[in-house]
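One structure is given below, encoded as structure tokens.
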Amino acid sequence: MRRLLASLLLLVGLTTASTLFAADPSVEQRLADLEAYFKNGAPATSLVGSPGPGHNGWLMVSAGLVLFMTLPGLALFYGGLVRRKNVLSVLAQCLGLAGIVTVLWWLCGYSLSFSKGSPFFGGMGWSLLRGVTAAPNADYSPWVSHNIFAMYQLMFAIITPGLIVGAIAERMRYKALIVFCVAWMFVVYFPSAHMLWGADGWMNGLWNDSAKIKAIDFAGGIVVHMTSGWSALVLCLLLGPRKGYGREPIVPHSMVLCMVGTGMLWFGWYGFNAGSAVAADTVSANAFVATTLSAGVGLCVWAVIELMLRGKPSILGMCSGAVAGLATITPASGFVSPAGAVLIGLLAGVATYLACAKLKIAFGYDDSLDTFGVHAVGGTLGTLLAGFLATPEVNPNLAADRIKGLVGSTLWIEQLKAGGLVLALSVGATVVLYFIIDRTLGCRVTEEVEHQGLDLAEHGEEGYTH
Amino acid sequence: MRRLLASLLLLVGLTTASTLFAADPSVEQRLADLEAYFKNGAPATSLVGSPGPGHNGWLMVSAGLVLFMTLPGLALFYGGLVRRKNVLSVLAQCLGLAGIVTVLWWLCGYSLSFSKGSPFFGGMGWSLLRGVTAAPNADYSPWVSHNIFAMYQLMFAIITPGLIVGAIAERMRYKALIVFCVAWMFVVYFPSAHMLWGADGWMNGLWNDSAKIKAIDFAGGIVVHMTSGWSALVLCLLLGPRKGYGREPIVPHSMVLCMVGTGMLWFGWYGFNAGSAVAADTVSANAFVATTLSAGVGLCVWAVIELMLRGKPSILGMCSGAVAGLATITPASGFVSPAGAVLIGLLAGVATYLACAKLKIAFGYDDSLDTFGVHAVGGTLGTLLAGFLATPEVNPNLAADRIKGLVGSTLWIEQLKAGGLVLALSVGATVVLYFIIDRTLGCRVTEEVEHQGLDLAEHGEEGYTH
Amino acid sequence: MRRLLASLLLLVGLTTASTLFAADPSVEQRLADLEAYFKNGAPATSLVGSPGPGHNGWLMVSAGLVLFMTLPGLALFYGGLVRRKNVLSVLAQCLGLAGIVTVLWWLCGYSLSFSKGSPFFGGMGWSLLRGVTAAPNADYSPWVSHNIFAMYQLMFAIITPGLIVGAIAERMRYKALIVFCVAWMFVVYFPSAHMLWGADGWMNGLWNDSAKIKAIDFAGGIVVHMTSGWSALVLCLLLGPRKGYGREPIVPHSMVLCMVGTGMLWFGWYGFNAGSAVAADTVSANAFVATTLSAGVGLCVWAVIELMLRGKPSILGMCSGAVAGLATITPASGFVSPAGAVLIGLLAGVATYLACAKLKIAFGYDDSLDTFGVHAVGGTLGTLLAGFLATPEVNPNLAADRIKGLVGSTLWIEQLKAGGLVLALSVGATVVLYFIIDRTLGCRVTEEVEHQGLDLAEHGEEGYTH
Amino acid sequence: MKRIEAIIKPFRLEDVKDALHEAGVVGMTVSEVKGFGRQKGHTEIYRGAEYTVDFLPKLKVELVVADHQVPTAVAAIIKGAKTGKIGDGKIFVTAVEEAIRIRTEERGEAAV
Amino acid sequence: MKRIEAIIKPFRLEDVKDALHEAGVVGMTVSEVKGFGRQKGHTEIYRGAEYTVDFLPKLKVELVVADHQVPTAVAAIIKGAKTGKIGDGKIFVTAVEEAIRIRTEERGEAAV
Amino acid sequence: MKRIEAIIKPFRLEDVKDALHEAGVVGMTVSEVKGFGRQKGHTEIYRGAEYTVDFLPKLKVELVVADHQVPTAVAAIIKGAKTGKIGDGKIFVTAVEEAIRIRTEERGEAAV
């Protein structure tokens, strides 16, 4: 009797269990899904399609932070460095790019960058953000809403052309700049983003098994800093220097604004770098550490160099050093140890100092606010150093079959290849676009406008009244 | 023997299980609770009373962001637009409101707004934040600490009267403004918040089964923007224009500050809108997207209109467009698709442009910084559009029985009703309060103070020294 | 036959289960681990070593926020209060400290503060952040990456010497300040942090069973505000007043910057206080509430006092009140009820007003920007009040055996002891360091530099051009 | 030619400008100055520390006119600037020996 | 001694300074002013509200020189400041009765 | 009446004001100017680019006084402004033909 009862109970139990566990996921599977959340692994059953609150919240914050880097961070960092009469023109460029790139991204930019298509360019499947819902897309993140990933990436797409502003400040026509940037997004940014970060990207060594160039770019050394920095160099060479450059004093109208912008950039950069783990996981934590160390060390390096060479550290020097450290660690941030980050900060400080304070003077080009000197030099250096210093201890994804053979060996060659190709693309495209736009719209303001200031002439407003 | 053993084991197993599952929640229930965290569903057993870290963290961030919108965001946005001699008066208004509303909220404001009471007004049960603990209150969120929800809502209660500042800038007495706002909180804000958002609110169509008007207001189109915007219009009509208005140039003393404020507002608005899901879930993600798109599109619309009408886009125009897009999407942000958000941004840009640049000139009222033109117009438009564009695909809560019949059909009529009633309340209350305060304290500074500037006269300080 | 089958199935089931549950953690254990995440309890099995996304994300945000408090928050708050010619010197001090403390922290600062060593000083085990990985360290947090905790604490180590800047502004040599702060970190900050917060700290009443003084300091009333505030007093006494102090007007060059800094400080303080729970849990939520209330009340108290004494509330008064409320609640924030927080805000407002507006005038020392008046007075008061008002209802950790006997009884004596000892250490160390540095480097700029302004003389730059 | 220098209250600038316009004077140069006179300044208090600010913001309007225009110009300035309250400011007239228009190098009254 | 006051376009300052240097004039004092003259101002529009800004930013350069230096100094200013476009500015010359160098209390031409 | 114009170092303003007060002079007008003279400027370096800033911040103090007050006023200014170091500045005295107090329309010495 007892046995019967036992067996009966058992049967009932098992039946219940099997109905529960057959069609529906088992306890084991459900636990595995829940635990996957902690390891940033993909859920397989019950939690498929649900964003994970911790990761999702962090990515929303990160997206906000990266926007904050542009508005008002970069706008102030750059705006403080120009003359009073041109401050609004810088702000207008940052604002305008934020608006227009948002529209482009919705129209087709996100799709061209991140949807599957060719190795070089995405498809149009996600244009108008169709199908880009709040459920995670496992190609980019198991736990972050796909549409939040899209917004997060939008913020990168906004700041990248924004960086170019620094090289052409105080002399380029507003309309020409906007048109240039819109075209440049299609020719340079979307393809670069797709090649390096798209799930089927040609140079996406980290995630694409069939990538031809197995490069890694954690948060945009190539995609953000090299594209913008090298294009900026070309653009400022083609535009020519500002009137009076090298002859009359052209000094920052507000180092205070510049420093405020620097603080905002540093703060926002945590979203940029630690957010690029697309999770609040261990990789993100490591990226946070590397970012901090490189920024702090870069700042100190500039201060020390200036102390030695001119006897006093300057505010602009410290700001430049911090931003240089941040830009240079970007591609490496999620891949390198604290010691690696310190080394990168050190080299970043030295290299960007030389570029801004020596190279520019030697060659006489007018990279107004040192987009090339900081971002191209930093981004390029960081991309290369990531090749040498990346380690699977910091980022377990480097232990994947598709890439582990390269790590610690010839990864830097892949980095060089990818960097070189994107550099070539940026340079070439900028030359072509410049000439087209210069012939049609005219790239440069008139001499009189340059004297009067772009704010009044191009926007009908003044930065400050007395 | 083996069979015996098996049965024994089985029995032990089942017994263990039953002791575990009888008094304590079963594995199934515990898993369900854990999974509820991901779907932002209510936990039923083991996790009742625990905030969910991801949601809670996101709401703390969001509360911080909404505070940041006022201090220093709105203070700068508005402060930059007034004349140099009045900049501090704007800052003082924002600061003072932050302080006094915090105290009110603690005393009884939160209770009057969110505790259960009548359909029109909450009770006093939560005054002094009694009983408002760190455990979630399921009426407002299954996973966010109740007291964090209270703080989050406090930040809305701070910024709402802060918006009014824009209409009366440069001429209203400080004490009169503070007294007005304190009274206004009781007469307009607390009841509006309760009616639209209180669990038993009279117009809370989304959550209250017995709501008489089934309106929806995701993040405050009615409660924040309409109340403040319409009150602002009335107030500036009653106060009369600033001395010299329309005759001498009254131009922004620092477009730089205004732009900085705009960037901060945009950044903080993610807390405002995406935070209003009171979770880091799919609704939050959708709200984030809608917010971004509407801001970007609004910015572009103003720029394009200005480009067409005056040949150059202005910084103030782009800032206004972005803020207009943000204000207008607010009530709809957690309900509409990306396409809906783009449409809202478009209409927001056009409508607010017309209001600020044409309507105001035509009627000649002096809405100093366009609180009415941006917030009342945007908030009203967005409230109505939410009625047309809300969809359960974006927000599953719209599929609840209590409201699903209205969605996609006559919801806009509910929106009109709710908006109209709150508009009437705001207008009526403002008229009455104005006259009481004007008779007793006097609302307007003397002509001499207006010439000298409010900063010196009312606060004994100057914004800047040379 | 059926019975056989049943038994067979049972066996299979049990076997599977046992293989699963024997070596590996059981379902129960796994569930317990998952649930521990919600209660911020330590995981025991499957999730050991994994950071919890929600907590980790919140701490990354908090770390960013605390950095933001210094750069640019504090820099602006202080920078706005000095004269135009010295604004950059303040910015340079904040920037330089951010850089150098980051390097120190990596080298050995974190290790000396938080690794186990003696009760007074940590060991060198974590120097160069060796072994400080992304896995949580249970001594400090079950769910936050150890290296994120280290970065979070770095931000405190940056802002603390930054606070001192306020007392010596406009007259101390840059190099002397930096050297002073570096030495001060070793002599005052690292030991104080270790004693109060280190797992084996001598005065860590909250976590260390064998603490000799059982003090509590939630977010740095002693470690941050008392150390910096009392050192600041000594330093400004030794340095002497600024030229012209008390004779010619030395007025803030930009109350606007000061107010912007205040807003940023308030915003960032949520990371400082609510982040100090090292989790996004109930303690964090309670700290968030206390922080808000104290800030708001402190603001109102200053405004009311000024209204009574001089007829008009000033912007600087409201800013000071808010910051005073924030500084004073800091040590108590995670321990006190809303009513406690309101009381603390009230007393904070009164005490700091008296200190800044009466005490300083009476004694005639030149605490330029009131580091002593706000931070030492606030921090000391808050430390004491935490002793009276802390309650386990707000923070269950106070119910632990090691401390529960003191709570609500003689805890305030422990607070006095700890505060007094750290005060003595700060004062003594500052005197010694001052004389060493003054004899070697010289602490004070020449009279001519003081007239000309430190910006030009010490950094070769100007804050603003016309 | 004479140089007329007027120290006025800032918010009277528009009126002074208009009055001068009506009087047929077109050229003028304005600068921001701080004035010290009988008009009392104000007190600023920062965290209890009191400062008396004696210097009040004023505008200085300078115009060079032909001798015969002086009375009209002075009258116009008074008309525009006078509020009757203390601190209205002063007008000073000095002799100018030569005036040159940089653009054309014209000299004398033709240049002003 | 004469006091030469020149109102010039801001971006010509470097040229004026250099030209004066060549002409042997070292001392001068410069201030920011707003000029009103024939040169047209501009229109600013803020959210549809239009403002005409008549006052244009100019620099005022003042120098006191010995009588015999006046022609050279004036010529130098013209050389540096002239663009030939409207708004180039004016030069006014007035007599100075006394000049004192504060540091040395030297007086007269030795002081300038 | 005479117009006394003094270019002084900014941080001497309080002393000059006090000295003038003692000397019985109440009215004055002050403006911020940039001075160029023998006192050397400084060099600013921004990311390696070096700029020499020749113009130093100075204050210009203007006062119109009755003829007999000139010596006292000049002495007071010297007393307040003199540091004995290069760059102390200059005092220039010119003749004023007329002074008018706008508020009362008083003229001449009564107006200053």
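Labels for the chains are A, B, C, D, E and F, by order of writing; each one numbers its residues from 1.
Keep in mind that, in the parts below, a contact is a pair of C-beta atoms (placed from the backbone, for glycine too) under 8 Å apart; a residue touches a chain by one contact, two chains touch by 3 or more.
Model, not experiment: these values are computed from the prediction.
Separation of chain D from chain E in touch steps, taking the shortest path, is 1.
Common neighbours of chain B and chain F under the contact definition above: A, C, D, E.
Common neighbours of chain B and chain E, by the contact definition above: A, D. Looking across C-F, A-E or C-D, the interface that copies B-E in more than half of its residue contact pairs is found at C-D.
Taking C-D and C-F together, the pair of chains sharing more C-beta contacts is C-D.
Computed centre separation for the pair chain E/chain F is 18 angstrom, with centres defined by C-alpha atoms.
Taking each chain's centre as the mean of its C-alpha atoms, chain A lies 31 Å from chain B. Multi-chain contact residues of chain D, defined as those touching 2 or more other chains: 31-32, 44-46, 94-95.
Shown for chain B are the residues that touch two or more other chains, namely 7, 10, 27, 31, 34, 37, 52-55, 57, 61, 251-252, 310, 314, 316, 460-462, 466.
Every pair of chains that touch is listed here: A-B, A-C, A-E, A-F, B-C, B-D, B-E, C-D, C-F, D-E, D-F, E-F.
Those residues of chain B lying in contact with chain A across their complex are 7, 10-11, 14, 27-28, 31, 34-35, 37-40, 52-55, 57-58, 61, 65, 83-84, 143, 251-256, 259-260, 262-264, 266-267, 270-271, 274, 279-286, 288-289, 292-293, 295-297, 299-300, 303, 310, 312-316, 318-319, 321-322, 338-339, 342. In the complex of the two chains, the chain D residues touching chain C come out as 44-49, 51-53. For chain B in complex with chain D, the residues that touch the partner chain are 244, 247-248, 451, 456, 460-462.
Only residues 3, 17, 26-31, 64, 94-103, 105, 111-112 of chain F touch chain D when the two sit together in their complex.
Chain contact summary for the complex, chain F toward chain C: residues 9, 11, 14, 42-46.
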